[in-house]
């Protein structure tokens, strides 16, 4: 894994490895506080994994990549788990079929928590064994923790879907009340043409697919200073946007018809009013909030309808670099809210770049020039998915603050909608 | 519902209705004793329902057909349940899609038990309200209890499958040890030709599809005096039975190839030895036990291989009537074993007719002459399935003793294997 | 093949075998007269075979079962054809996948006709070699000719479908004009209970599945004296028949919904009027003609809506025997019309029993008591399909007169509609 | 359509429009010379269109975009054809389902040729009406002719597949004999980093997706000077390449397993020797010829196995520009051979760039910066497919010489194999 890491891995922003480990692992279980046992078991569609699978898989990751090779005498918790909780690492052998994860009543939730405790205990033993974390372990710890943070977000998106398919419409947790605001008028920031340096600069952790940092010629462009809102998206719907094939990619309109899309995922029209399913239950769609749970297909069609286009990932990264934006602190765990926030009418410069919704770009997910997947099983982490996916940038309200980076490349197929995904507009200068 | 019932419904074999109700309901929950919460949630294939669904659906049955129409002032437990736990009664409105029953984390298991207690309480209130059970309720109580007994068996077959798809292979409960016995040589009973009266005679409860009792001409036939055994079936396998298309129905060999059948369901060959998945875990296949978990297709192919055929349901019922067989007492709840027992080498006359395995017949499941489904929702109970299914007779080790009758017509599609289904041979006299 | 045949096979109703052979073969090609080359190639759905496939397969049948084993020195026409034109005889080796028959541009139509001529020449050589047809060949000739007659009807039903899926709606041939008639009021014939002899009596040819002739107890019943008409079926449609689940078998309404059935196959509503696709092109639906191109599911639902039921195949055969009906002469080839004719208002006794439309019965297609498929490949002809099909009786306007028998058992799955299939009503006496 | 065209469209390289039109149209029908009527009808898989559909669709294109709007009084040939032969232009209304093109026996081949003659006659009338071709028509003629040339290649690739699925393995036409040659050792050409101008420069015709010409930063790279050969690809196969998941994209190995890929399309191993299906029939695989009929998935896996990668489309275009390569003359029509030729051992500089096999690049098919689809139906020509496809460059032996350009962007999904597609290697400098 060509991970770009800091010189001293034992401390990361001055925090001891064992404390970082504990903090990330604690947040994972904290996210499960609102759940009952049955909620951990269900797989509501093939893309979704049961919560208990996420809890076990993230533990399996540390067990497989750190404890087994690096902790002498380590005994695996259960011989079945290497088969059950390997997600997609072909190099590591056969694994349980992804779409059947909801068919497993055992191990129980309690056994999965015991597995976590077992892994935690041995990880702490390893992390605290010496003053200085061994060089081989430091980058594996980094990737393990960022891997866990990815699954924290997936747990939230997945349980949201589990609650959605249930006619009883359970809520994850109540949301604090919020006042509607006037929609901030859309403005544009202009960006000059030139060769840009794209990709991670080597300070701190990054996934392999953010490297190598490389030159990219970017023509002059404008970027909208905020995300497209629910209110704006309603006008697209009202204008027949979902029926007008000329606005869509060919595969997009085919999907929209086959799956009967009439609005973003989680929206339901009731008595003439749009409601949407949230982690706090059904709520009226708020016009001032960024539209969320749309696919690349819908984002692309909207942009064409609006006479604009989606930005490329290079334009997006350029704009963030020029704006000096950084991830907002006080994200979801602290605020206990997963509702993307409206843009601020008083802010200047681009807003909502980091930590609001994942922003679809019109860039296919491919390796950067010079990219080579690292050898071994971890080489399967990102590289083998570079096909038929689009890049999303920026992180969402369900992304940990310490997991958000301006060079971070998330990727999903163009029809994916169950993530916290929205978009902003771009245009040629 | 043209249910043929006893004159006095308040007592049934001298037992008060409220006691009968309590006893059947109690057995249902007793069957769940070995389960943990997660086991209640999983649907391992479309044919299988989660245990908690069975628990709720059987309660919904009493709520829908008895409490709502007959208990003044009854308040339904939860407004969602009439949608969630209606199995297939179109007359009663829309219902949750069968194959998605495993997608529901809520209601929780505890809520489902609360639902059962709510229904039990009000049923007892109704059943004990007067000395004499009102005439409208008596037949509904009967059908509700027999319906619950059907689901008791389904719970057992379904949880067996849930454990099967799990690589950890959990066991439901340990089985008492048993000694292998020599296989009883197969003998035949001869039955003369003649017009037989087929169907229920009106004494005690029967489902509508067992009536009208009617005349059927039956040619002379011989019936084997015991079930086909695992040992015999192994010889069919060893003789290439699963590959020899000429032995099979066309649809049968197509299914066998498509699903890669090489042996009965739940059999695995390991180190040259056949093991099978049981409710007590994986065990070596016992040669003297009746073969179980075979489809009509396999039973039919075996019979052709053996130079015989399957009996018709009329032959089977004739043979039982002539043998005077009655359901063995001391069935699974008492013995705590779901393992079909070997034939007895010392018995005379046909054995294993009632309460061992469901026996496939070569009779299509159709209405008897003069059959009409009763009006209303309960008319959907049996009649609308009279298409592309075959009749099975006799009950299994997972059938309650009080639910076994010689006229009982179970029915499944010819490819179904997850029931406790076996067969015996017949031949023209 | 336990074919029940006449003592002297060389003459059949006084006609020489070679003449019979020539006559049947000639009709097959005559049926192709209205076709252009392209029409021979297309497979419009998996159930349909291209015309050229039918032409070749029927020749392959004689080549395989008669010429190769019985004509010394016979050279097969083309080594590929035993693979390409074997329909479903597993015993004879691998064969081309049924659903891909429309993917073959070669052999050309002209090559297929050459194949036919090759087979015809050698068959005539064999049939005229001696005064007396060898005993082994006679029954094979019979089955070969009846097999060809089955495919004559299939060619007509298949090409009708080929023209249906084409938006240009080609016609096979013009129909003679006909006058509408008043609908004959429906009357019933009564039939007493008793043991009936069902099955073929051994005079003349019959397929194996019509034997053994055996006793069947039949309760008293009434049978409608004519077929259900288009006009009557329209009232079922207008009464919401296709939407009312309580009228249907469970699998039936599921199919009707999944395939969006709103009327019989080939019906289209245009400007408020029902038209139907016929071999003479689109025509207004004639109220007095028997309804055709309905499935068992629709026939069964209609019967329930009408407060009646479908007859069993035993009742139907009993009624025909008692009526003395025989196949009308002057069937489709002579009249050049494939339009089922209205009932005659002046006739007495049951009408339209033979040669109008295939009549669905409520009998599952199973072997008669004592039935055993013959050994060898021809044993696959009928026996291996005795599962999940229903019996149809009587023959249609597309059935050759010499192919119609009162004991003939046609069979199709309950959702099949592209055959000339209709029904009449029955009721308990 | 923002087509970049020459100043005077009436003459194109000094050839009159009517002559150009006649020449292209003539070649289309000449390609059909080896076919019999039945060959025109078959659709061997959803991606394939019947030959007669290609013949009609290309005529429909001229009828729809030129004759109807621009020839006063033009009468359409057949009212059904606008429905039947519209490929994918949603703007123009409903159209026949692509995957059912093989279900149409009518119009006949002769009718389709009559349609072509009808269109040809009126096109000539329009093209010769005035000295100077009207400005609105010139770019439409260009696109119509290039469209026809695309379908010429598709006709060849499609009929190759039609012959492939036929066990009789018909041949399109015999190939001239060729001598095997020693494999030319692979060498590399080096290319410096820098900003490159990518896209069409406006001289002559180009499709909209080749514009705008724009700046692209390209890092230094090496490109192999010839295509990967069959002989080299055999070594990949022999090294277990199709089984080694670590070499593949995740979606690639899943496809390879699901479709049981063991070699390039059209390869069959027989008695230990690789044969491949060609338009001249089955032939031994020639080691010195470029590998063909591989998907992006296979090309990508091979490149990884070889320690290299595929070039981007920008690298490829850069290399062609620097090499000064131009399309070879004397392509398939003249040589009557569709066999990709071996590299020349005596050549210097990169070979086989134009007119050999389409070369997979690792570039997703997306719009160039500033690209906007033209308004109207022709805007659907290229733009709406910019999703989940990869770019191929260079043209093949089945591409007309006048249709090959260094800026031409062909595109197919990464699993497509029935085109004449191969690849060359690249590496970072």
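The letters A, B, C and D name the chains in turn, as written, and every chain counts its residues from 1.
Keep in mind that, in the parts below, a contact is a pair of C-beta atoms (placed from the backbone, for glycine too) under 8 Å apart; a residue touches a chain by one contact, two chains touch by 3 or more.
Only a predicted model underlies this, so the values are computations on that prediction, with no experimental measurement involved.
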* Suppose you hop from chain A to any chain it touches, then on again the same way; how many hops at least until you reach chain C? -> 2
* Could you please state the distance in Å, as a whole number, between where the Cα atoms of chain B are centred and where those of chain D are centred? => 60
* Asked: Hey, how far is the Cα centre of chain A from the one of chain D, in Å?
  -> 38
* Asked: In whole angstrom, what separates the CA-based centres of chain C and chain D?
  -> 47
* Residues within chain D bordering two or more other chains -> none
* To do: All pairs of touching chains, please: list them by chain label.
  => A-B, A-D, B-C, C-D
* Structure fact -> Residue set of chain B touching chain A in the complex reads 36-44, 80, 83-84, 96, 100, 102-109, 162-163, 165-168, 170
* Tell me, which parts of chain C touch chain B in their complex? -> 88, 90-91, 195, 214-217, 219, 245-246, 248-253, 296, 312, 362-364, 366-367, 369-370, 379-380, 384-388, 414, 428
